[in-house]
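What follows is a pair of complexes built around subunit A, which joins subunit B in one and subunit C in the other.
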Partner chain A sequence: MSTAAAVRGTRSAAEDQNQPLLEVQGLHLEFPTYWGVTRALNGVDLALRRGEIAGLVGESGCGKSVTAMAVMRLLPEGHYRVPQGRILFRGEDLLARDEQGMQRIRGQHISMIFQEPMTSLNPTIRVGRQIAEVIQSHQDVTRSAATARAADLLREMRIPDAERVAGLYPHELSGGMRQRSMIAMALSCEPDLLIADEPTTALDVTVQAQVLALLKQKCVERRTAVLLITHDLGVVANVCRQVAVMYAGNVVETGPVDEVLASPRHPYTAALLETIPERFHRDERLRVIPGSVPSLLHPPPGCRFHPRCAAAAPRCARERPPVFWSTSVCAGGDRHGAACWLLEDRDGNCGWEECSP
Partner chain B sequence: MSLDPAPLVQTAGLTKSFGSRHDLFGRPRLLVRAVDDVSLSIARGETLGLVGESGCGKSTLGNLLIRLEDADNGEVVFDGQRLTDLNERELRRLRRRFQIIFQDPQSSLDPRMTVRAIVAEPLTVAGWSDRAKIAERVAFVLETVGLGREQMSRFPHEFSGGQRQRIAIARALTINPDFLVLDEPTSALDVSVQAQVLNLLKELQERFSLTYLFISHNMAVIRYMSDRIAVMYLGRTLEVAPSASLFAAPRHPYTRTLLQAIPSVVRREPAGWELPIIEGDPPSQTSPPPGCHFHPRCPLRMPECSVTQPALAQVGLDHSAACLLYRVAPQE
Partner chain C sequence: MSIGSLVLRRMALLVLVLFGVTLITFLVSHVVPGDPARMMVGQRASEETVARIRREFGLDQPLHVQYGRYIAGLLRFDLGISIRTQRPVIDDLVTFFPATLELALCSIALAVLVGIPLGVWSAVRKDTVVDHLSRTYSVLGVSTPLFWLGLMMLLVFYGKLGVLPGSGRINPFSPEVPRVTGFLLVDSLLRGSLASFGNALYHLILPSFCLSFVNVGVFARQVRSSMIEVLNQDFVRTARANGISRKSLIYRHALRNALIPTVTVIGLSVGDLLGGAIMTETIFAWPGMGSYVVDSIGFLDFPAIMGFTVFVATGYVIINLLVDIAYTLLDPRIRGVG
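Up next is the complex of A and B:
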């Protein structure tokens, strides 16, 4: 542990602390289909620093998972195009890497957890062996050392009787245990970044709370950055420090969780928060966002939210709004930004004063 | 709110197990007790919320209430008639008065039928034959759920998830039922669309004085929709209470942990979640723990909890909980 930490320390000291670990810049991504081109990502910007836990939220089909898969380069080669944009990981553009180069990144530097652990674990191999395989493929260790390390990892994930569990097949574990094994596997090579795509959506609430608390604790201990993809704003509120809200292939708002939840600046974020039944009394009608998520084959021009937006102006249908940033810096050195024309002030300047500590 | 004293739906000692008693070789097999001795009542015009984690028997209970499945034991009384006694013909006649809406409209709507045919089908089953009348009724219910006449000849795949759920609701309403079982009706929908459907369900309830059994695993949705709430765990009801008192003062330790575990936007931990709220996984359904099913995970367990199965006991006004903590509470 101490040597690993020392190595880690020198590595991160060598890099500028303020340099983002992962930076997605203006990423456009499209899928050519029989019916036309689906513009799944329309200039996505994201930044994540070392050790930071950030949430990526949005409704289904908004591009959360596609963003994650693009970073991992797990989309089927030849079936998508990236007309513009860069994915910088520790300053290097991942889009420029070849498949072999990506294999050295995956698992070792960036790892990923998916929603349904049963489909990402091999049903015919014992859980402990699957974790050991990951360790062996990235590190120069013996089979028995890797096996012992796998059991240690399972124990660390609060799995009781870890040696016995390591010898079980995935179907013999409960959903929560499977997802904890996935976390153990994802963290086995001490990655810098963990992408968790709806990791608890298939779990019950009491188990979800356990798994999220564990994920958070282990990543904070290891200073692993986490990109947590979810549709549940409640999960983001309780786990993340930063959040990015996506709608129809765009990041529409980004900033510290406290700021975004307390004073959302984009009408979509505001409306999304208002539709949560938790905030309403039984005798009130829930606020709704009229209409439904647009088709990405024919996305609306300008701001993609304008057809459903209560505050839409004629300009919104013509020009796509840039991200306007708060002028003051929030606690932790972050800014709050949103892509909405409403935030442009009279002088054509962007930005607004805000930030509570 | 003044409720009709005679409940519309009532169950007593309802029990349902799955799995045969013996396997191919005559060896005793494991039975899953999906619903275990459940007694509930739902008043006219009321919404009873049924909440619990997956596999706790919520959906099975919903199916038993409208006899989509037959109970092993116990009875269901619908508007004074024992559902469990009825024969096929009598049951079919009564079926007009209750309907069910499922979670996933993708699989509950026939992809080869037009919306018009889907919504009209219950009428034909009920014996309607006048085409003009059927067309009129179909147009009326579709309009009621917010779909236009021009959409009648389209197929389910041409609609979004929220609109498909509206079609399923329209189909349930065509024959003017009194009672609807809503089995996770919004779980497959995005939050912005969920709000539309929940509002619609509330409007319909007022307009047609419907009675709902609202099944969900989502506490926020249950709180918003229900007058009273029943909490289930491994086939048993652990707590039944009016919505407000369940959330303000949950009595059963399981209800408390459930409420604590909801990732809330409103009630947040200052530093977020740091520690697991509750240890352990839900136990196996084939061999549930003896005594109180919840005792292995319960923070307040007593030695006796692993032996004695607590019964639902009155713990407040219209509020009951099945926990040994309240056994000694004075009755008066």
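Up next is the complex of A and C:
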């Protein structure tokens, strides 16, 4: 944290430390359905500082995308409820904003890129024009200035022959080029926060690495904070400094990437790490986490992971564990925390020592 | 596919379509009972006269020879001589066609101007009162018989209230508008006569409203369902996530994509209006191709009936071509492919 704040320079370290850019506090979110209420988010806590790149990982259906869509307020209005919780962006609760107010936030202060580069751009509008329209929506610029800026952005995303590409339609671009265009569009108004929902999942592996490196570089240059949603722990290890692991609508573990991946404290995180196949082991059986993500219509009581957990105790089925934090502060000022009863048992004062210097 | 090759391909298709259409109409018109030569000269004419007429019009020749002659004529835009009017069929059709087209275009314009916004409104306000009303109207529109609606409207607005004219294209006592294009609205403006223009427009109200009644519902339904589909697509979400305004989202991003399937429906409707003019033109005594062909059928005027059929079939092919051209303008993915 301290080094990062020093790099930022212009903003005071106190402001950064006292007020995260984005803070999701105890967010509960439910979808009323015909069969009952789906409790998609069950008290999600997240915090992200200016310029920070954080990962949000978990299996499909654990609530990663719902959290992101809730922050952007892109979920269909009237089809969901937020019984509890706040989404603070620069100290202001986004849930209190009306649709018009959100329109000014979206694209300008928070933007988002999605998984499907094939379908996420309008097939009937030229790529450059789509980017220019975003610029024109938020800034008082002429059409030609916005168009020129769009081409500049594409060039910045290392798209060769950017002027020509700006005049092409999305179907004339490759998947990687489309995703670069999406990033260009998302960064066009220099937002403070970029939410990237599985931005490289649909791309092939070599392109994935390029696009991720580009995304990281451009965001670091601009000091744009990134919330990177992925199920790929390898991506998290490469790109992020912070990580939050979600399971069935809860954040179960959070902390600096190095700590969390090296010594996971929540059995779910540990199991997730176990599933990564090691390279060059031909005859190895792929490991899986037994069972599957529970139905959020009837989630298990207590810790939602207990039915699949090898270390589950009777208490896990009754009481929901709070987050236990490590007693030591790691490099950068962050602490490692996990919501698991095992951590309380290990040490009387609900914590543990770690962070080798 | 470039527009040039599209046109060439459609022209080749037109030849095939016309061959099929003329063959079927020709065969059908020659197996129905009745003797056109006898119809022409009347019941009291002598057998010799009938035989002479038959020879004169080539009706004594074997069927395949008659068909060959007809096709040969068609290649020179010669559709034969009408038995009823004694004029070349092509001249008759050219006289009556503008009236039909004028009515068809007015009613389509009305249906597009009302139906598309209604569909958009209905999709954006899905499952609200507006949506339910518009959907109810759509079902009502599609299931109302045209002849019944036409007669009821005549009864009310012409018969009872007397506020709208019930027949013809223009007041017969208004000053003659010289024919240039055959479209009264255009010709009256060319002449500089606003009074005639107003009168012609006045006469268009009832028949074009009646003809568009169904299409408003058809277009609204089509636009509604494609808008709902498009509004759920990923690129609309992207646009929203980038703070694009609701207005631009609906009209620039969604509607353009939703119009692609709608154009097909509009094209089909124009085709139907040309062929289906028979009913409305009869009810509103509209002097167009529909009235002309109804009179010709009563007279067993085969050249006229054939000519009408050929005309309508050609119209269908041309409209399909226009629809395809509209596709390439609306959807860049179609351009450059094929």
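Note that the second predicted complex is superposed on the first by the 324 of 357 C-alpha atoms of A that agree within 3 Å, B and C clash if a C-alpha of one lies under 4 Å from a C-alpha of the other, contacts with A are read in each partner's own complex, and residues count from 1 in each chain.
Quick note on the criterion: a contact is a pair of C-beta atoms (placed from the backbone, for glycine too) under 8 Å apart; a residue touches a chain by one contact, two chains touch by 3 or more.
Keep in mind the model is a prediction, meaning the values are calculated, not measured.
Visitor: Should the superposition on subunit A be reported as showing a clash between subunit B and subunit C, or a fit?
Guide: The answer is fit.
Visitor: Output check: A:Gln210 vs subunit B and subunit C. Expected answer is one of first, second, both, neither. What do you get?
Guide: In the superposition, A:Gln210 contacts subunit B only.
Visitor: Give one of first, second, both or neither to describe whether A:Gly234 is in contact with subunit B, with subunit C, with both, or with none.
Guide: The answer is first: A:Gly234 touches subunit B but not subunit C.
Visitor: Just to be sure I read the superposition right, which of the two partners does A:Leu121 touch: subunit B = first, subunit C = second, or both, or neither?
Guide: A:Leu121: touches subunit C, not subunit B.
Visitor: Kindly classify A:Ser174 by the partners it touches after superposition: subunit B alone (first), subunit C alone (second), both, or neither?
Guide: Only subunit B is touched by A:Ser174; subunit C is not.
Visitor: Would you check which partner chain A:Thr142 touches, where first means subunit B only, second means subunit C only, and both and neither mean what they say?
Guide: Once the two structures are laid over each other on A, A:Thr142 reaches no partner at all.
Visitor: Going by the contact rule set out at the top, does A:Ser292 touch subunit B (first), subunit C (second), both, or neither?
Guide: first
Visitor: Going by the touch definition up top, name the partner, subunit B or subunit C, that contacts more of subunit A.
Guide: After superposing on chain A, more of subunit A is contacted by B.
Visitor: In Å, how small is the closest CA gap from subunit B to subunit C once the two complexes are overlaid?
Guide: Nearest C-alpha pair, subunit B versus subunit C: 8 Å apart.
Visitor: Which of the residues in subunit A come into contact with subunit C in the complex?
Guide: These residues of subunit A touch subunit C: 72, 74, 99, 103-108, 111-112, 114, 116, 119-125, 130, 133-134, 137-138, 169, 171, 182, 185-186.
Visitor: Inside the complex, what are the residues of subunit A that reach subunit B?
Guide: 59-60, 158, 174-177, 204-210, 212-214, 216-217, 231-235, 237-240, 261, 271-273, 275-280, 282, 285-289, 292-293
Visitor: Sort out for me which residues of subunit C touch subunit A in the complex.
Guide: My answer: residues 233-235, 237-246, 248, 252-253, 256-257, 330-333.
Visitor: Over in the complex, which subunit B residues touch subunit A? Could you list them?
Guide: 53-54, 160-163, 190-196, 198-199, 202, 217, 219-221, 223-225, 243, 257-258, 260-266, 268-269, 272-279, 281-282
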